[in-house]
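Okay, got some structures for you below.
The same chain A turns up in both complexes below, where it pairs with chain B and then with chain C.
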Partner chain A sequence: MGWNVACYSAAMLCALFSTAALLHLSGGDVAKAFSSLVIGAFGSQKALLGSLAKATPLLLVGLGTVIAFRAKIWNIGQEGQVLAGAMCAYWASLWIGPLPYWMAFAVLVLAGLAGGGALGLLAGILKTRFGTSEIISTVMLNYIVIFLLAYLLDGGPWMESGVTVAYHQSPPVNTMLEWPTLFGQGSAKLHVGFLLALGATALSAVLLERTPLGYEIRAFGSNPTALRFRGTDISRLLLVVMLVSGALAGLAGAGELFGTSHRLRAETLLGIGSSGIVVAMVGGLRPSGAMLAALFFGALKSGAIYMRLQSGTPAGLVSAMEGLVLLFFLCAAVATRIQVTVRSEVHA
Partner chain B sequence: MENLLSVQNLTKRFGAVTANDNVDLDVRKGEIHCLFGENGAGKSTLSACLYGYYRADSGVIRFKGEIAELNSPADALRLGIGMVHQHFVLVTNFTVLENIIVGSPEVGMFLSKSAARRKVEDLCRRCGIQIDLDREIWELSVGEQQWVEILKALYFGAELLILDEPTAVLTPQQSDQLFAILDGMRRQGLSIILISHKLREVMQSDRVTILRKGRVVATVETSGTTAEAITALMVGHKVTKHVSDRSIEPGRDVLVVDRACALGEWGEDVLRDVTFSIASNEILGLAGVAGNGQKELFEVLMGVRTLSSGGFLLDGDAVAVPTSREMLDRGVGLVPDDRFREGLIPEFGTAENLVLGWQRKPEYRRGPFLDRRKLNALAERKIEEFRIVAASADLPVERLSGGNAQRVILAREFLHAGSLLLANQPTRGLDVAASEFVYEKILEKRAEGFAILLASEELDDLLRLCDRIAVIFKGRIVGIVRPEETTLLELGMMMAGDASNLDGHLNDLSSKALRQ
Partner chain C sequence: MLELFQGPLFISILAAMVRIATPLLFSAMGELVTQRSGIWNISVEGTMLLGAVVAYVIASTTGSPWLALLVAVLACAALSLILSFVTIVLKSEQFIAGLALNLVASGLTLFWFQTYIIGRDPPKFAGFEAVEIPYLSDIPILGTVLFSQRLLTYVSFLLPIAVWFFLYRTRYGLEIRCVGENPKALDVKGLNVGRRQCLAIMFGSLMSGFGGAFLMLGYSDRFVPDLIAGRGWLVVVAIIAGNWMPFRVVAAIFIFALLEAIGIHAQVVGVSIPHHVFLVLPYVASLVLLAGLRSRTHQPVALGIPYRRE
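Coming up: the complex of A and B.
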C-alpha cells in the first residue's frame, strides 16, 4: 500500500516538474502559471463548481472505458460515442412533446445512453460478425460521427442561422429541457449529471466486483477461451460490454449539452472522449480510481482556463500536461507491479 | 566424479509458504539428475532459483566449485546453466537456425550464419538430434520445438540443462526420442536436471532427489532402487493402485455418438464418422497418439466445436445445436487437457475459478450479486477435500503449482457434473499419489452412475480402470476393445493405425476357430 502511494506520488511530482520545465522553456512564468492554475481550480466556490462540472463527463467516459478495458476490449471510440449521445439527445429534444419535466428528463438521459450505446454496439457487431478489430472500427466511427455532426451543423438541418451569419452550432435547446442545476448559476454551475456520474461510479464498481456479469467481464479480459468453454456466449458478452461502454460515453455527451453548453457544438464536446480514456488509465482501470482521476483532470481543465487568462500560457500546455501525467502514471503502474516480485524476494 | 553444481541450505519463501526449505543438492558432471516430488513440493521453484529467475532467500549455490551469484537468467546462462521452458519462447516464423542463434553473444555486428550453422550441425551430430535447420518453427511438432530449445541452450554453451516437466506435453514416442537425446548429451559430459512425474522416465535417470513439502527427503542412485521405493519416499507411504470394480455392470446409455464428423481450422477432416456410446456406470477409455482427434472430440462433446455431420444423443435426447451452456446445464463436466487455456481464468483465485461456468447459478448468488461468503466457504471445503496447496482462496491460480491448478479444475467438475464426465488427460502434471486420488474420484463417480470418457496417454492406467477402450487414429475410431481381452502391444498397434492388421489377425483367429 505504502509503496503504491509512493509510486503514484512520484509520478505526480515528475509530471509537475516536466510541465514546469515545458513552461519555463516556452518562456512562461512558472510560479504565476501554477498559482493561477490552482486558484482557477480550487480558489473559490465558483472555481470548485467549475472543476466538478468539468470532471462530470470525464468520469462518465472514464467509467465506460474502465468497463471495456477490464475485458481487454479496446473501445477507443469515446469521442464519437460522446457526440452520438449528445446528438441523439438533441434529436429527441426536437420532437419531445409537452411531457412532465421528469419524464422529459428521463427521455433525454435514455436518448444519450442510446446514442452512445448504439455506436458502441455497432463496433461490437462489426467485431463479432466480421472480425473487425474494435480498435480500428471505433476510430473510424469517430470520424463518421464527427463529419455527420459537421454536416448537420454546417448547412444541415440543425444549423443555427442568423440573419446574415451562420454559426457552426445549433440553436439553444428548449430552456424547459435544460438539466436541473445542483449548485451555482451562470457560467459556474453544477448540473444534475454530476450526481448521475457519482451513481454510475458506484454502479460500475458493484457491477465489476460483485455481479456475475462483472465476473464475466473480468474473466473475458484474462482468458476468453476458458470463458467460452465454460458456457458463456462471448459474442453476446462483447456486445453487452460495447453497449454499456458506449452508453456511458453517450450520457456524458447528453449531460454536457443539456447541463452546460445548451447548444450542440462540436468544440465543446471534442476532447472529452480522449481525456476520459486518460482518466480510466490513470485511475488504474478501477471505478474509484477513475473518480479521483476525473476530479484531478476536471480541476486541471477548469484551472487552465483561468491560467490562460492570468498568465497567457498556451492552452496546449494542458493537453501536454495530461499526456505527461498519463505517461508517468503508466510508469508508476509498472513500478507497483515490480514491487510484488521485489517484495517476495525481500520477504525472507 | 566431480560435482558440477552443488547447492547448500537453499531456502526460498513466498510470503508464508516455504517452497524450498534448506535444500541440499549435488549434480555430477555427466549425469541425469531427477527431481521428484509431490505437486507443490518446490521442484519448479528450486529450478527457478538455479536458473536465476528467483533469488534464493538464503543458501549457497556453487557451480564448478565457485560460488555463483545468480541475479538473472542472463547470469545463469553466462555461467553455463540453461533452461528449457515448458512454454516455449521461440519465434514461430523464424527458422530453426535463426531461433537458435538469435540473442547469442557472438552474433554482435556480423551474423555469420554459415559459421553458426556449422556449430549447430556439430551439436546436432554429437547429441543425435535430427532436425532440418531451415524449417520454420510453426512447421515443427511440439517434440521438435523442444529440441530447438535444447539446441539453443547448448549453443549458448550450457553445461547444465534444466528441464521442467519436458514430457508433460509429449507423446510416449516423442518422450523416448527426447530421452535418446538426453542420453547423447550425458555421454558428452553434460549434466541434466530433469523434473518429471512419470516413473518410467524417472527410472532412466542416474540419481533421483526426492522432495517433500520443500525439503529434500533423500537422494538415491536409480540403479539401486525401485519405482515403488521412490514413490514411497515421496509420499511417505505406499500408494495403492485402484482398479475398476467389475461387479458394477454398465447400465443404460448416457451418451451415444453417431457418425460424428468435424472439420479443423483449415477445413481438414479431424473427426470422421466417430461412433460410440457410453453407458452409466461405465468408463470408456480413449487411447491414441496425441493429435489424432482426441481434443476435437472433446470439444465437440462440450459444444465448442461444430459438427459437420452426424450428431449425438445425451440421455436419449438428440442435442441439435450444442452450446457449452447447454452441455453444462445438462450435467456434462469437462476436464480439458490444456488447463490454463481452456479450464481456468489465470488471474482469478481458487474461489472464483471453482464456479467458472456456474457464476450465474442461483445457488452462488444473493439477489443479483455473487455471494462471496458462499464462494469462500466452498473454496475452503474444496481446498481441504482436494488438498490444494494455495496460500489463500484469492491467490491467482496462475501462481499455483501445476498440479494444484489441475486440482482446482477437478474439484469444480466433480462438484458440478451430473451424469457425464469428459476427462482429457486428467492426470497430466499430477504426482503419482494425486493421480491415484483422481482415479479414485473417477471410480467413485462411476459407482454413482456416471458415464465417463477418459483419455490418457498412460495405457496401463486405461487398462486397469476402463470398462472398454476406444482407439482413435486420424480422427477415426479404429476399434473398441475390452481391457481384459487386450494387451498393451495390441493397443499400441491400433494406436499406430494398424487396425487393419489387427482385424486381419482377428479374422485369422476366428476363421481358425471356425475351422476347428
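Coming up: the complex of A and C.
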C-alpha cells in the first residue's frame, strides 16, 4: 500500500514538474500560474462549486470507462457517447409534452442514458456479431456522431434560426426543463447531475465488487478463457458492459446540456470523453479512485479559466498536463506491479 | 450529383484525391511496419500533429521546407522512444500509451498555439511547390492528376513498393513480421525482439511525422490546431481495412481520399446532399468494411500483446 502511494505520488510530482518546466520554457511565470490555478479551483465557494461542476461529467464518463476497462473491453468511444447522450436528451426535450417536472426530468435522464448506451451497444454488437475491434469501431462511431451533430447544427433542423451570426449551436433548451441547481447561481452553480454522479459512483463500486456481473467483468478482464469454460455467455457480458459504459457517458452529456450549457453545442461537449478516460486510468480503474481523479481534473479545468485571466497562461496547459499525468501514471502502474512480483517471490 | 463526374470537375476531384491520399500514404506505410511487428500503435494522430507543428515552426523560422521536414521527422523519431519505453520495456497496455501520446501531442500543440500564435500575425512559411514532370505532365487528365504534384508525391507512389519489398523480400523484414506473429520463435533463435519492435515503432513514428509535415508544408497555407482532423485515425483504419497488406492499404487510402474529395467538391458545386454526408462516408464505409471483413487472416497474431519471456 505504501509503495503504491509512493509510486503514484512520484508520478504526480513528475507530471507537475514537467508542466512547470514547460511553462517556464515558454516564458510563463510558473509560481503565478500555479497559484492562480489553485485559487481558481479552490479559492472560494464559487470556485469550489465550479470545480465540482466540471468534475461531474468527468466522473460519469470515468465510471463508464472503469467498468469497460476492468473487463479489458477497450471502449474509447466516450467522446461520441457523450454527444449521443446530449443529442438524444435534446431530441426528447423537443417532443416532451406538458409533464410534471419530475417526470420530464426522468425522461431526460433516461434519454441521455439511452443515447450513449445505444452507441456503446452498437459497438458491442459489431464486436460480437462481426468481430470488429471495439477500439476501432468506437473511434469510427465518434467521428460519425460528430459529423451528425455538425450537420444538425450547421444548416440542419437544430440550428438556431433568426440570428445574424451562425454559431453552430441549438437554441436554448426550454427553461422549464433545465436541471435543478443544488448550490450557487449564475456561472458557478452545481446541478443535480452531481448527485447522480455520486450515486453512480456508489452503484459502480457495488456492481464491480459485490454482484455476479461485477465478478464476471473482473474475471473477463483477468482470464477470459477461464470464464468461457465456466459457461458464461461472453457475448451477453460484452453487450451489457458496452451498454452500461456508454449509458454513463451519455448521462454526462445530458447533464452538461441541461445542467450547465443549456444549448447543444459541440465545443462544450468535446473533450469530456478523453478526459474521462484519463480520469478512469489515473483513478486506477476503481470507482473511488475515479472520483478523486475527477475532482482533481475538474479542479484543473475550472482553475484554468481563472489562471488564464490572472496570469495570461493559456488554458491549453491543462490539456497538456492531462496527457502528461496519464503517461506518468502508466509508468507508475508498472512500478507498482514490480513490487508485487518481488513480494510474491519472497513469499515463495 | 452526376455533374461531379464530368469533365474538368472530375479531374479536379481526382487531383484532390491524390492530394489528400499522399500524406496519408507516408503515415500508413510507417504504421503498417509498426503493426506488423505486433505493436498496436494508435498514436498516429498525435505523431502527425507533432510532425506538422515542428515542420511549421522550423519552416517559418528558417525558410527551408526541407530542413523543416528533416527536423520534424527526427522529432517524431525521438518521441517514439517514449512509446517504445512504455510498451516494450514496461510492457504496459499499448493502446493506452498511444492514447496518452495523442493527448500529450494535442495538449502541447494547443498550449503552444495559444502561447505563440493566437492573437498575433501567424508567421509565414515556405512550403513545397508543385513540380511538373516534363512531357508527362502534358498528358491529358493523367498529367494534371498524377504528374503536376509535389516532389514528395512522387516519392509516396514509390514508397509502398519499397515497404512491400522490405517486408516480404528482405531478411530483416521477415524478422519484423515474425515478431508480430510469433516473437518467441525469434527469441529462441537468439534474436532481439525488443530491438526490432523498437525500430519498427521508430520507423512508424518517423513516417507518421513525415506525413504530418508533408500535409503542413505541401498542402496547408496556415497552421490550425485541428490540422490533422482525424487523418491519423483514418490511417489506422486503412491498415485494418487493407488487411495489413501494403497494396490493399494503399487502395483503402485512395478510396477514403476519393470520398473526401467528392465531399469537398459537392460542397462547392452545391449538390443538394449536405456535405457532411461525404465527410462521414469514409468512417461509415470503413465500419461496414470492417464488419464485412470477418476473415482477418493477415492480422499479426501477436498484435497488441506485450512479449514476455517466460
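Criterion: the second predicted complex is superposed on the first by the 340 of 348 C-alpha atoms of A that agree within 3 Å, B and C clash if a C-alpha of one lies under 4 Å from a C-alpha of the other, contacts with A are read in each partner's own complex, and residues count from 1 in each chain.
The rule is simple: a residue touches a chain if its C-beta (ideal position, glycine included) is under 8 Å from a C-beta of that chain, and two chains touch if they have at least 3 such contacts.
No experiment lies behind these values; they were computed from the predicted model shown.
Looking at the superposition, the partner that touches the larger set of chain A residues, chain B or chain C, turns out to be C. In the superposed model, A:100 lies in contact with neither chain B nor chain C. When the shared chain is aligned, chain B comes close enough to touch A:225, but chain C does not. Once chain A of one complex is fitted onto chain A of the other, the partner contacts of A:319 are limited to chain C, with no touch recorded for chain B.
When both complexes are overlaid on chain A, the residue A:150 reaches chain C alone and has no touch with chain B. In the superposed model, A:140 lies in contact with chain C only, and not with chain B. Looking at the shared chain after the overlay, A:76 reaches chain C, while chain B stays out of its contact range. Partner chain A is touched in their complex by these residues of chain B: 11, 13-15, 54-55, 57-58, 302, 304, 323-325, 327-329, 334, 336, 340-348, 352, 356-357, 359-360, 365, 368-370, 372. For chain A in complex with chain C, the touching residues are 22, 26-28, 74, 76, 126, 129-133, 135-137, 139-141, 143-144, 147-148, 150-151, 154-156, 274, 277-278, 281, 314-324, 326-327, 330-331, 333-334.
Here chain A touches chain B in the complex through residues 206, 210-212, 215-216, 218-219, 221-223, 225-233, 344-345, 347-348, going by the rule given at the top.
On the side of chain C, the complex with chain A involves touching residues 40, 42, 82, 86, 90-93, 95-97, 99-116, 118, 230, 233, 236-237, 240, 274, 276-277, 279-280, 283-284, 286-287, 290-292, 294, 296.
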